[in-house]
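Look at the two complexes coming up: chain A is in both, with chain B in one and chain C in the other.
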Partner chain A sequence: MTSTVTILAGQATGGTLLRSARGLAMRGLRSIRRLPSAFFPALAMPIFQTIAFSGTFFAITKIPGFPTHRSVNWYLPLACCMGSGFGGIGLGFSTVRDIESGFFDRLRMAPAPRLALIIGPLFAVWTRVLIVITAALIVGFLFGARLTGGVVGLLLMYVAGLGVATVAAGWGLGLAYRFGDMRAAALMQLTLLTAIFLSNAQAPLNVMSGWLHAVARINPFTNILRLAREGWLGDVTWNATWGGLVSIVGISALTLAFAYRGLAKLAD
Partner chain B sequence: MNTKQPGPTDRSSDGGSSTAPIIAKGLVRHFGSVKAVDGVDLEVHEGEIFGFLGPNGAGKSTVIRMLTTLLKPTAGSAQVAGFDVVTHANDVRRRIGVALQDAAIDPLMTGNELLHLQAVLYGLPVSQVRARADELLERVGLVGAADRRVGTYSGGMRRRLDLALSLIHQPTVLFLDEPTTGLDPMSRIALWEEVRRLNQEGTTVLLTTQYLEEADQLADRVAIIDHGKIVKEGTPTALKASVGAPTLLISVAAAQALTARDVLAKFGELRTTSEGSLGVGLEGGAGAVTDVIRALDDAGVKVQHLELNEPSLDDVFAESTGYRLEGAASTGMTDAAGPAPARKRGRRK
Partner chain C sequence: MTTIAATPSLSPARSKGLWMSQTLAMSKRSVLAMVRQPALVIPSLIFPLFFAALGSSSFGRAVRLPNFPKVDNFLDFALAGTIVQGVLFGSVTGGAALATDIEQGFFDRLLTTPTSRVSILVGRLAGAAIFGAFQALFFMVVLLPFGVSIKAGVAGAIVIVLCGGLTAMAIGGFTAAMALKTGSSEAVQGSFPLLFIALFFSSAFFPRQTMQGAYRRIADINPVSHLVEGARGLVTDGFTAGHVAAALLVPAAIGVFSIALAVRTLYSRLAAR
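For the complex of A and B:
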């Protein structure tokens, strides 16, 4: 037996930003438990990269001027940032699926703030990324990674990871809204990989030369990776920190605006 | 037989008013060079069930998507529940319920979870969410399946859940886009009953359908849409009356078809029907059937099958568009031939 609820016809207020976002975040988090096969690759990839890169490219630490003698200290933050990036891109994939299945129309027809449709799933991405980074960290420590910058350095790596996830999510969502199908997926992956690898991802700026050095120097991902690696390559300094923070805020704002505009254009 | 029961404010016969819950004026929508909707004018009265009838690709869903704020019109304007769909989209969203084609529901979520999410997005007070969800699950008969993932639901269950989701906030205007497509007859009838019940509770309903019987059974008024334009509008009774004489259908051996055609032509306007049968708009009505049989017998034509059908919405559709609605026959709803050629229209996307 159920009680009857009195709702005045046509008097729905519409969900608030935070409540709607929380509801959508919960939906995203449930899928970890219900569809682990979709989450497992995102979890495994940074772990695999950490082990494979630091083993395969161990000799990179012998290059004069290389900032650490532990290759795992160099590659662990990169793997965490890449894993975070793919976590963000994953939001683009799942949004494409929602658009193709029509479920996204249901969300768009709700009188909730449009921003909730972006930041709700983004909250879920952040949670997933925290799990991924933590798992990669545990494996990294087991394979010899050692923090040099203390707890602050560790936190900065989390900040960088969450930042990359936000940038990637905004980019992925923007493309998903504009293409509305899986054509967006290839573009999301290709552009993210290109952006990351045209930075100091594999080697420090001071050992790079030519056009790659020029591109990496102005690539904001260089600043973000520097931020992520601070706590693993020496002491944490403000000089190495602010550029990363500014880059995260700047590109996140741009990609989230790209997503928001794309969401509005779905009705065009 | 039309079993439509009038709602509390059945105004299907009046001329409408400026406060009609759905008003569209000159709605146009282009997709690139394709004109999907080409100047649709529409007025749905309060408390009415309005049927939007047309084949796949006629523009029904595009009109619904514009009225439900999912698509912006290329030209023209529309008001739903008193608000402009473009400039006051959120006000419209608060007042409408929508069940779109295909019941797009996240298969990983349970019915209960989906209702809770919907309640949150529509701003229902936390204290009311559970009770409202339970109430709707009971209403659509899904209490037992509430905690099962939607991916395990049958098509009919998904449709019912879709309807429940669209009702979470007690909308004043309900849009149902082909609500029974793909359902078995029992599920279809159950859904019709629910739509009637909602209408009797005061909800204005706009439903699109490609099933003639559905429009005939449910709708106070029907608009026939083809190639993005409304080609006919009125009550089912008036539309059928406008077609005129009942149709006499006969089947004869192929060798005698021409002779039979000549005989039938003496009794009214010939109506081409599906392959293998002949039809005539019998001007003398049922009383002339005996004369037709006698004339055919005199001409040596052996009649294999004969039936007399009152005009149907299919006839109205055929008269308005020049072809018959695909799918009508498959639902067992087209029981009459009509004045138009029997070619059926292919599916257009």
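For the complex of A and C:
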């Protein structure tokens, strides 16, 4: 009897969790239409970055050992991952707005599982990031990007983008819950930007020199960017894939746990 | 009415002196605001250095590429771009500060005093110029121990500091015009991507000689390229009239245009009151 009750309660909680998460996800997606000024920079940034970096740093592909002769093939995955990261951080911004306006208190008082407050908006972030990556891809193809790893390579770039978005969303939410105001915004952006740039973002490891090489070698974002790029630099191989997947799962787990604990502390 | 008639008229010399003292007071306020709120200006000092360090490690081998200007190391090449990048960040902060004055009503309170209207603007721009010059000096001093050598010597360094100040004033003119037009610090901050685009489609980060096609054509006509290359030439080539002229005259020319725009926007705002 006890186990039946537990199972039923579990099903009810699971159902409520999904329903609540779906409601919050829809709210996040509606904000694209209602507040396009907040979504537009996230959409425009990776497009601009693809175009500007590919043109400005065109010549670096001529450095001996550089893995492609198309600069856009190198910078498009970076732009997609950065755009995805800032899409994830955007969730932190909107949560800060909700906390400041008091709307978040009403959400917390609703009879819905706390986890839905993280999972729901995360679904919305993933959808927004899919739009951003697709838009950047179209522009990238127009500017000469060519896939070398086929459809699997393309899918891996989406996986990497969604992974970076998850990492950034967890980090942004955790900081938003802890600070509760816009002071968190600067910290979210600066830390993400620093973490990404201290990797193989601008140049491959074999082309780098000095201190950055030492840092980038142990930075998990190097693995994630390698995953994002492998379909643009050659064939897709398991060797270049697994490190990125492990990094995504590992850092996502850490940042989402950081967010969940922040939410729990906020409730206290 | 009687009061107006009784207001003593000032002699031109005294009026000019008053204008100067008002402008100096405004400049001092502008600089003190930056000193008292370091959180606003520190990013404009730290981030350009961070990107210079990144570029040095990432693109260090690029200096051996064909068509790359002859430099001892990538930092020599990057210094001028770092300065202009920092100055652009700082100028947006200066413009946003003027917009904040408008938002918070301080600008209106100034207008109720017998302060020269133009001195409000010029004071703000002078403050931006002082900070821009300081940024240029700061970047040179910080990067010198890391291998940067300025071929033009102390005279070249002075010209680069002046270039930083003039560039800050020139870009500050645009952000001040934006602040006066919109009265919104958010709108001024929103102008940052435009400046970022101007910076990226120039030779600030990589030489024009290595660019191709439309990028090269845009960089060729982008004044930021010529401004950066003037200061860069002083670092990598030495003290020549051409480099000095480019480092000083290009920002001065941009400044004439942007300050005229800002003054015009100021008078439009005053007329609309």
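A few comments on the model shown:
Methods note: the second predicted complex is superposed on the first by the 252 of 268 C-alpha atoms of A that agree within 3 Å, B and C clash if a C-alpha of one lies under 4 Å from a C-alpha of the other, contacts with A are read in each partner's own complex, and residues count from 1 in each chain.
Just so it is clear, a residue touches a chain if its C-beta (ideal position, glycine included) is under 8 Å from a C-beta of that chain, and two chains touch if they have at least 3 such contacts.
Note that the coordinates shown come from a computational prediction; the quantities given were computed from them, not determined experimentally.
In the superposed model, A:D235 makes contact with neither chain B nor chain C.
Residue contacts after overlaying the shared chain place A:P41 against chain C, while chain B stays out of touching range. Contact with chain C, but none with chain B, is seen for A:S209 once the two complexes are overlaid on the shared chain. Contact with chain B, but none with chain C, is seen for A:F103 once the two complexes are overlaid on the shared chain. In the superposed pair of complexes, A:S31 makes contact with chain B only, with no contact to chain C.
Residues 2-5, 7-16, 19-20, 22-24, 26-27, 30-31, 34-35, 98, 101-103, 105-112, 116, 266-268 of chain A touch chain B in their complex. Note for the complex: chain B touches chain A at residues 68-72, 81, 90, 93-96, 98, 100-102, 104-106, 108-109, 113, 116-118, 120-124, 128, 131-132, 134-135, 137-138, 149, 165, 169-173, 202-203.
Residues of chain A that touch chain C in their complex: 41, 44, 48, 52-53, 55-60, 62-64, 190, 194, 197-198, 202-203, 207-213.
Residues 43, 50-51, 53-62, 65-68, 193, 197, 200-201, 205-206, 210-215 of chain C are the ones that touch chain A when the two sit in their complex.
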